[in-house]
Amino acid sequence: MQIIADAIALGGLYALTALGIGLIFGVMRLINFAHGDLIAASGYSLLIAAGRPVLAAVVLALLAAVVLALGTERLAFRPLRRADPASLLIASFAVSVFLEKLLIVFVDSRPKGVDFLPGLAAPVELFGVRLQQLQVVTIAVSAALLAGMTWLLRFTRIGLEMRAAAENFRMARLLGVRANRVIAAAFALSGVLAAAVTVLFVAQTGVVAPRMGLTLVVIAFVSTVIGGLGSLPGAALGGMLVGSTSMLLQAFLPDELRPFREAFVFLAVIVVLLFRPQGLLAARGLRERV
Amino acid sequence: MMRAARRWLPLALLLLVVLAVAALAAVSPEVVRRRMVLALVDLVAVVGLYVFAGNSGVLPFGHAGFMAIGAYTSGLLTIPAPMKAMFLPALWPWLQQTQWPAWAGPPAGGVVAALAALIVGPPLMGLSGISASIATFALLVIVYTVVGNWSDVTGGQQSLMGLPLSTSLAPALVWACVALVVAYAYQESRSALALRASREDEAAARATGVHVRRERLVAFVLSALLSGIAGALLGHLAGTLRADSFYIDLTFLIVAMLVIGGMRSLTGAVLGTLSIALVTELLRLAEAGVPVAGTLLRAPAGLGDALLALAMLLVLLFRPSGLSGGRELGG
Amino acid sequence: MLRVENLHLAYGRVTALRGVSLAVEPGAMVSIIGPNGAGKTSLLGAIAGDVAAQSGRILFDGAELRGLPSDAIVRRGIALVPEGRHIFASLTVRENLTLGATIRADRAAARADIDRFLSIFPILRERAGQPAGRLSGGEQQQLAIARALLARPRLLMLDEPSLGLAPKIIDQVYDYLAEVRREGVAVLVVEQNAGRALAASDSIHVLNGGTVRLSGSGAEVMQHAGFDSAYFGVAL
């Protein structure tokens, strides 16, 4: 039971990260490495806000991630919008390294402890099972955000435009969907998701570092591939799947193989790419040479 | 005669450039020379990446993994046996007792990296574009995870120490020249020509009978060979190996060098490596501090890498074909 | 209303249009016919802002359109139904229609219009909640036209609307286009095969090799001695 809760909590975190990356890929075929730096930036804003009320810290983290996401879009990715996916990939790599090193210039590269929401470490009884409060919060927040995203994409005008743009950007524009607005909205949303991940992640680990987002993003990146690049439900599902698989591997793999669990996860990525390049949930209309 | 000369002119010019760098290094003070040796080693790595990326048009993100394989192979073969017994007590006895001369390390590292590429290559070569980049990136993470956790053989999270410091100017120069010759000779081959045809239009090349997967595999293995050599040279320059040194940062550095130089020509690989090495060196000096009017002006640490990333972005924005514009020197 | 003057367009070294000029008046139906690769799709794409022309003028009500992005041009009143229709397969029929009205501020009226289209095309109403990818080719064409009209364009452009459709369906499409014209919407249609377009059009341009080879009414063009060479490019 404890393992299942762990698996769902981790899966939720990965799903949120994967959704942030999947959103951007959907609207502009960009694999956004810099998503990890959104997480790092909002992590450091939690550090700055240490001692302030929790709400203020969360708002600051949110603001940092959203502003940074919009900034990278405006300054780096918009001018490159017509570039091929490979150049975009390199560009996002460059943006990510740039932001990370810039962060190091200002805060140096050593990890710093943040005592964020220490109260959540306390255990809680739920349905006769002892769980960490933080796990419950993580699961609840992930579920709420996934539901919120689903609502936004399904029932709002901008959500409809985003889905259309994800399927066929040129046609969406021909109907009058404003490219800049839709892409900026996607980046803003990815910022919101990054900030949520940060808050949960920092509450869990109590540490911020310039590279804190890297592992999360690398895994989320894989999740979007497994779930199907360009498919948003696929991204969330992939995140869930990778998170729970890696928890289960951690629990059931023999001791001597345990440290290699990431290698297994990435092996699975290659296998998926080879045998089901469109992912588990294929995106429609994805005509990119995936 | 004239045509043959013209055909090999770009290679001759590039070799001259590298020789000039080496000559400059020979007369420089020790600290600067070391940096220039590092630049020559980087050149081997970037040329290795170029052999695949430039000819196939697919940008792989896993070559730092091949460098790791080369470096650890070379390390395990050349570290003095008593040191291995101390640091890696659980290593297989036959390998623990092996002690090759230092010069034999890089070629061995290259060969093992090439074998690894030959094994993982065949399924991967069917992928194109972004999925190929992702799959090779997954490869990088797998190598990183294995190297970082296989404590009995690699030392895991610990540094592996005791590699002979054999990467001096002469071997670095020799290997840089070898890499250039191999890359250029390959580029002029029929196989590479077919591969470049597939880069422009995969379907059309297939239709004219080009076996895209096979030609890609040739380039991939050759490129892993050079990367493995470069990794080994890097190990013998530093004397210690860490899994982290062969991960994202190194990947970024070699990709940045190639992209900034222009990934469609060997000249681009050379130009990118040398110009970034130069800029990095200047920035390093700035980070160490420049005395200006009696005070020490010092750039903050990390600024150099940040500027490197910025330079790469600017190149992508304003000169997508790189500094070389995809052309060869004298070509 | 629409005036295209001396339009040039090239993709890299491949020239698609070399000096095309034509005009469309309000409520008129103009057809462009020509063989495969004549530049027909490029012409519509350039007017809609989907591809960029290098020189020449595209005037709509006297204002220059060249250089505007496609999402701005549809706001000026020009809608394009591209070749292959490009409906959003994963979105429902109703969502496709809603997207057609995305530029409109009058949300309530737009919703009423969507319902009106659903009653005009009963098959679409039946499937309003289903993914549009499940529609047949003819149904998708109806959806694509309805979607374009929901933007309330004054000029509707269609690229090969009869491609891959059964003759009976083609007749339905052209009958509907005639209705659209009665509401004052001008129609600019591109077809590879003259067929149905000839009879319905006020004027016809034969495009080949990136230029207009022949213009006139349907009968004039068909009976013109130079038609074959214009269309098949024999006299190039």
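First chain written, first letter: the chains are A, B and C, and each begins at residue 1.
One rule holds in what follows: a residue touches a chain if its C-beta (ideal position, glycine included) is under 8 Å from a C-beta of that chain, and two chains touch if they have at least 3 such contacts.
Just so it is clear, the structure is predicted and the values come from calculations on it, not from any experiment.
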{"item": "Set of chains adjacent to chain A and to chain B", "value": "none"}
{"item": "Middle chain, criterion being Cα centroid separation", "value": "A"}
{"item": "Centroid-based (C-alpha) most distant chain relative to chain A", "value": "C"}
{"item": "Top chain pair, ranked by how many C-beta pairs fall in contact", "value": "A-B"}
{"item": "Centroid spacing, where centroids are CA-atom means, of chain A and chain B in whole angstrom", "value": "31"}
{"item": "Chain B and chain C, separation of their C-alpha mean positions in angstrom", "value": "52"}
{"item": "Geometric centre distance via CA averages, chain C-chain A, whole Å", "value": "41"}
{"item": "Residue numbers on chain C that touch chain A, as the complex places them", "value": "48, 50, 69-71, 74-75, 79-80, 82, 86, 88-91, 95, 98-100, 102-103, 133, 147-148, 151"}
{"item": "Interface residues, chain B side, partner chain A - complex", "value": "58-59, 123-124, 126-131, 133-135, 138-139, 141-142, 145-146, 148-149, 156, 248, 252, 255-256, 259, 300-306, 308-310, 312-313, 316-317, 320"}
{"item": "Contacting residues of chain A [partner chain C, same complex]", "value": "157, 160-161, 163-164, 167-168, 170-179, 283-285"}
{"item": "In the complex, chain A residues that touch chain B", "value": "29, 31, 76, 79-80, 83, 85-87, 89-91, 93-98, 101-102, 104-106, 108-109, 214, 218, 221-222, 225, 229, 259-260, 262-263, 266-267, 269-270, 273-274, 277, 288-290"}
